[in-house]
Every structure is written in C-alpha cells, then in structure tokens.
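I'd like to ask some things about the structure below.
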Amino acid sequence: MTLSYLRDLVIANRILANEGVVDAFGHISIRSPDNPARYFISRSRSPELVTADDLIEFTLDGEAIDLQGRTPYSERMIHGAVYETRSEVNAVIHNHAYEVIPFGVTGVPLKPIMHTCGPIGSHIPTWDIREKFGEGDHLVVTMDQGRDLARCLGDRSVALMKRHGCVVAGKDIREAVMTAVYLQVNAKLLLQSLQLGKPDYLTPLEAERCTARQTSPVSLDRAWEYWCMRAGADKI
Amino acid sequence: MTLSYLRDLVIANRILANEGVVDAFGHISIRSPDNPARYFISRSRSPELVTADDLIEFTLDGEAIDLQGRTPYSERMIHGAVYETRSEVNAVIHNHAYEVIPFGVTGVPLKPIMHTCGPIGSHIPTWDIREKFGEGDHLVVTMDQGRDLARCLGDRSVALMKRHGCVVAGKDIREAVMTAVYLQVNAKLLLQSLQLGKPDYLTPLEAERCTARQTSPVSLDRAWEYWCMRAGADKI
Amino acid sequence: MTLSYLRDLVIANRILANEGVVDAFGHISIRSPDNPARYFISRSRSPELVTADDLIEFTLDGEAIDLQGRTPYSERMIHGAVYETRSEVNAVIHNHAYEVIPFGVTGVPLKPIMHTCGPIGSHIPTWDIREKFGEGDHLVVTMDQGRDLARCLGDRSVALMKRHGCVVAGKDIREAVMTAVYLQVNAKLLLQSLQLGKPDYLTPLEAERCTARQTSPVSLDRAWEYWCMRAGADKI
Amino acid sequence: MTLSYLRDLVIANRILANEGVVDAFGHISIRSPDNPARYFISRSRSPELVTADDLIEFTLDGEAIDLQGRTPYSERMIHGAVYETRSEVNAVIHNHAYEVIPFGVTGVPLKPIMHTCGPIGSHIPTWDIREKFGEGDHLVVTMDQGRDLARCLGDRSVALMKRHGCVVAGKDIREAVMTAVYLQVNAKLLLQSLQLGKPDYLTPLEAERCTARQTSPVSLDRAWEYWCMRAGADKI
C-alpha cells in the first residue's frame, strides 16, 4: 500500500497537470518526512501520468537511493538545492506555467493584485541562468546551477526563471500547490490589468496577511478537496 | 427529501462553478422563504462540491441555527449585511471571478456593452476594504465590514471589491446567477473592447430595459435550463 | 422519423453551441425546402438542448403554422426578414458570439485576415437598433426592425448588431455554420493582430476566391463531419 | 494489422487536433520509411477523425499510388515539395494554428522566448503566396507553389504562410509534432509579452542548444507519452 504522503505527491502531480500549471514538462517534489536530507520526486515523466511506482528517493545533491533503471528528471537539482538552504520548506515545484513567462522575459514585476494570490509574495525575483552560466539550453542540471537559483529565491516562495519558468517553495505540499496555482492566476490577471491602467497592488503587509489566511488549514482544505475532485484523485 | 429551494441552491453552486464564476472559493446564499430574517448557505466548501447536507441556516447577523459541527464560511457576513438592508433581495453571490479583478484594481469603470449584460447595471461601484479597515487580509468577516460593503452596493445589483472580487444581489436565485454569469462576460468583452478603441456602452435607459428583458421568466427559464444541463443538475 | 433537413437543423444547433458560437441565447433557422415562404426554427430554447420536437414552422412574417403551445423566440423576425429579401439564402443564424462584440461597440472594421475566414466577406456592416428605434432592450421583435436589419445586411453574409451580436446568412445550413464559426475565429485573431501592428488583410478578390474554396462541397463536407463528431451528432 | 509508423501517423493526427494545432483543416505527413521518394498522408479529412484506412501513399509530386476513390488533400503539394529538397526531413505538418496568424499578417517576427520553444528556430521566415502567384484562394495546390514555399522555408523547421498558417518540418514525426505544439505556445506567449514590454529572446546559440535538449529522446518520449494519453491514443 502506498504511504499517504507518497499518494499525496501523486495527487499533486495530477492537480498541477489538471490546473494547467504544468504541461508535458515540470515537476514537484516533497522532502522525505523520515529523513530531511532526502526528497521524493517522480522519474522523468509528465506529471499527468505519474503513479506511485514512478517515485524515486534522492539525496539532496541528486543521487538516487534506488534508481531501479528509471530515468530521473535532469533538473532535479533545483529541488535539492532549495531543500538544502531552506529547512522549513518541504515541497518544491518547478514549472513552465505559460502565464508567468511574459513577466520573466520582459522584466515587468509580477506582484499580487488579489487576496488569494498573496502567497506568491510581494517581491518575486527573476533568475537568468545566462548571467552566470552563459548561453546554454537553460536547464538546471548541476548543483552549482541549482544553488545559484536557490540563492536568488532566498527566503521567498517564488522565483521566476527567465525564458524558462519558475520555482515555487512551500512549507508543505498543499501550500506549494496553492502558491503555484495562484501564481498563474495572478500573472494572467496582472497582464490584463496592465492593459487597462495602473494596478493598485496588495501592500507587503496585506500580502503577508492574505498569505496567512490563504494558507490556513481551512483554506488549504477547501482548495485541496476541490482540486482533488477536479483531478479525479479518488481514482488514484 | 430535499426542499426544492434548497435543491436550487445546490444547483446554483454547481452552475457557478461550471461557468467559471467561482473556483475553490466564493459562495451563494438564498434568503429563507419561510423567514426573511434568515438565509441558507453552504458550510465552508468549494461550490462545485456542495450538496444539500452542506447547507446551514443563519440569522442575518451570521449566527448558525444548527451548525452540527460544520465550519461556516468566514465571509458569510457579506450575505447577511445585504439581506439586512435590501428586503427585495433574496439571493446573494460573493465571488472572485477572474474577469472582474482587472477593473477593481485599476479603477476602470465596468459598464455594460451588450444587451445580455444589462442586469449588471449602468453604474458598478468599487469597495476598498483598505479605506475604512486598513491593511488586512481583505476578508469580510465582521458585520461591520459587511454593512460597509452593503452601503457601497446601495440599491444596485453589483459592487466590485478591490483586490478581491465582487458581490451580486438578485431578487431571486436565477436572477443573481444570470447577473454573475454576464458580469464575467461583460468584463471580458469590455477589456477586449478597450484594447480596440472607445466602446459605445448601453445607456442607463437601455441597461434598464435590457435588464427587464433578460430577467423576464422566458429568458431566465431558457438560461437556467441551459446552465443546469451543462452543470449536470439532473444528477443532483 | 425526423426528416433529414430537420435533423440537420438540430445538429446545427448543437454544433453552434459546442463551438461556442452561441451560449444560452442565439438561434438558427432554415428555409423550408417545400415552401420558400416558410422557415423552421426551434421554440424558445438554448441551442445546445434543441431536439426535433422543438422545431416550429413559421411564415416569413413570423406567424407559427402550428405552435402547439410552445413559446417562440421573440427575435424570430430577424430570420423572416432576411429570407424575404434574399431568395438565395436558405439558412440564417443570429448569435451573440463574444468575439464579435468588441468590433460592434468600437466601430473597428471586422475584415478577413485568414483564408478560412473568407466567407465572412470583405465588408461587414454594423447595424445599430438605437438609430431608428431609439433606446430600448435591443431585441429585434417586429418585422419592421427585422427589415431594417436586413437592409443593412444587404447582399452580404454577415452584419454586426451593435451591443448585441450579429446575423449570418448562408445559401445552405452548412455554409451558414461555416461562416458563423470562422467569423468568431477571425474576430479573435484580428483583435490579437491589432495589438501587434497593422494587419495585411485578404483583398476583396482574395476573400471572394477563399469563399469559393471554403464553401466548396469538399471543404464543407470535411468541416461538417468534424463539427458533427465534436458535437456528438451521432447520438442525435 | 497497421504498420507501426502508420499507426504513429494516425496518432499524430489526433494529437494535433487535441492540442488545438489543427481544427477541421490542416494535415501531417511522413516520408515512407521504405521509399524516400514517397510519403503517406490522410485523404481529405479532419485530423481528429483520421484512421489508418484514410492513409494514402503519394509520390513526391503528389500522384497517389492507389487512390481507391478517396479524395486527396488539395494542398498535399506542400509536403512533397519539402521532402524533395530536404532529405533529412521525414515529417511535415501544414496547419492554421490560430496563434501564429497574427504574426504572419502583421510581420512581427516570431522568435523563441522560452527554452521548450527552441525547436521553432531563431529565424522564422514568412511566405506570401500573393507575391508570386497573385490574388487567389491562398491554397498551395501546384508543385510550383509548393516549391516556392519550400524555398522560403530553406533549411529551417518553420515558415509562416501569410493569411493562411504555417509549415513545420521535422526529422521525424515526434520532432515535427513537438515543433508545431510549441510554435503555438511561443506565439501565444510572445503576443502577451509584447503587450508588457520588450522581450529578451533566446539567442540563436541558446535556441540551438534548447532544440538539441528538447528533441533529445528523453524529452520526445516524455512529451509523446503525455500527448498520446491526452489524445486517447490507447483506443486507436
């Protein structure tokens, strides 16, 4: 029988696919509840197809505990590098949500304009792999690259990755999914708002208070139940 | 057996979810047909999942008649505050429809540009909780806050809530759903129109006459049958 | 057993709903193959729900041959007025396709920018009921109003109706559906193109030649088979 | 039993329909693995409905080997003309993906802004049939027209066709599908980015390196499995 936290990881994969946060690419991991120096993530597979059998345990520097011939995600280093410096983070998502791309490539700040989007934080930094690692394929495949990205992320919940996507960190899997879903919502609505005029954003204090509310158990429970139903989690 | 007006409330929840007016958050209530000083609304749950067992009766100031251990919506005060001052209103919707957000945060007036959108009214005010209650989490959790919002709404059918969403009031549940659905449509189309040029809106007189037509029984019946079919109401 | 042209009318209703040309409102009619002075159209019902039992025969001035207690569409006069002046037209669609609204309300010309959209024609006029009939509910409910709209349409396939929608005329039902579907596509793509720069439209001669190709039997057959499959026509 | 490469061609048709790359129109072909001077493509049918029985083998100049009374696509010449000059190309897609149209008609360069979109290439030329062949119906129905388009395409993977769509060439069927899907994604995101500001594109070197990564077996396998699942390929 699948452990409940691994089942939640499978469900989170399906939710991210179903809510359009990921397409064929992108991934989510959780820190091992039994060993903070390890994390679980799927083998190289699209989130919508991930099952419990695809999950692999890794050390923080990306070494598989028992690969069983499966191909790992080449960008798993993103996850380990974040866990390494953020002891309070227990779930990490890397995605290419279409809505965030325009902000990364133009440098227009992505700031929260709606209370449910508070968890994305008042200041989202943008990381450009080109700056330190030159013109390459944009993938984060070494711990060195992952650590550079983690430094840019700092103590925040979101960092954009220019011409690539973003990384989202949460204290647990539900919070990370909440942040990833509403990052996408905020990006879409901010793009539209900027076409109308000058948006009146959440202040940093408001963003903080909206985050507290939006990541409270009652809000997370409500949203999780909803996302699970939509993603067909009862059949997983 | 579920009373028919409670079944309609369940169906309205599903319709609002299916038509994209609400996501995990947002809610709809009806005034009790038996006691105008009370209203029915779901426990804290996403509208797409609401069943008859989730419905709770409240006094207008938000006290549950029989909570049975269920968690109420923290923002139910919006509903009571509107019923309190609007005796002709029998259904209230609070939602965060994505399309309306850009108007609230930029201050661009949201006015009807299409006959089916007449019910949203020619003047939609915008309420900013920050003005009177300061920088908080934007939720309307006290009767004081609810009444301030209801004052802004006045005798209208819609008020925007800045960085949050909107409130919609209808004389019955079908009219409230009609208004909420076409508020979203109008917001989307007005955003597009403003990218093309200067829209020629419905005049206030036209909006009034379009409202009369759009909320006539023949129009409401046609739309309700359509929304019910789409939301799978026959299986509720 | 349903006559094949009436079955096609039911299918066309479902297609228009499924392709997003109509929502709860809008309608399609065909001229009677047996009597050019009559047409068939559904009773007042959303196109997605229309069945053969909903179809009613009308004289061109909107009198039902056998109403059987059913409620007719209040705007059926649009259809009769077009058939009256256009002997070559055998199918008429009235819809509120969202994509066309921004063009009507801003006066920006809606012209074809893509070969499949040729059938919409190089010049689409816009009719404003307000001009002759004053500030009302925008519905076309008299033959007088219908004829005024038909005059604006002239010998074209499409006319926009300001703050309301459009009317589409075709020599047969498949051509009318083709035109309505690609009117929506062209409107969406032209709105986007105008955000990028100055579009290089189809010339009038190209629009004419694209129309000939797009409304040839081989194109209509291919598209009709596709739309039928998507709308589940095999279950009708 | 269907040969596996023909089954893949059927699946690719369904994927392109399911991912919104094609609607009723557009087509995909593969070069015959047994005879480089021939290619396979469906009879005139919408990609979403194509089955193995619809596939026809053609010589590069568009002559059917065994038509069996089926109607061929009038634009099959696009495919043969590309195969003729590009010996390394084994799959060709012609589509009217809505997202690419605004770039063709305005002349705004469509360049990659995201690593997964590298395969579209750093320079996408635009072909205008009007220039050499005058004002017609925009269809490519002669080898002369096909060859003119192929010259414009040159050694690239994508060329836009003004007021019409695009052509995509790949070294195999999965690569061609990958390029067509992400061409659409890039067009959508670039349109949005240009509304925000000045995008910082992939450099030519980055596009090349992203292409190598994105068209590597591990990436193509992951995406193909995902698209197959979404398109219901297991039922084909």
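Order as written gives the chain letters A, B, C and D; numbering starts at 1 within each chain.
Following the convention adopted for this analysis, a residue touches a chain if its C-beta (ideal position, glycine included) is under 8 Å from a C-beta of that chain, and two chains touch if they have at least 3 such contacts.
Worth saying up front: this structure is predicted, and the values here are computed from it rather than measured.
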Copy pair subunit B, subunit C: interface residue numbering same or different (half cut): different
Rotating subunit B so that its CA atoms sit on those of subunit D: what angle is that, to a multiple of 5 degrees? 180
With chain centres defined as C-alpha means, what is the inter-centre distance between subunit B and subunit D in Å? 46
Centre-to-centre distance between subunit D and subunit C (centres being mean Cα positions), rounded to whole Å: 32
Which residue numbers or ranges of subunit C touch two or more of the other chains? 195
If we use the touch criterion from the header, which chain pairs count as touching? A-B, A-D, B-C, C-D
In their complex, what parts of subunit D are in touch with subunit A? 113-116, 118, 185, 188-189, 192-193, 195-203, 205-206, 209-210, 212-213, 218-219, 222-223, 225-227, 229-230
Subunit C partner, complex, touching residues on subunit D are 23-25, 44-46, 48-49, 71, 74, 96, 98, 101-103, 105-108, 130, 135-139, 162-165, 191, 194-195
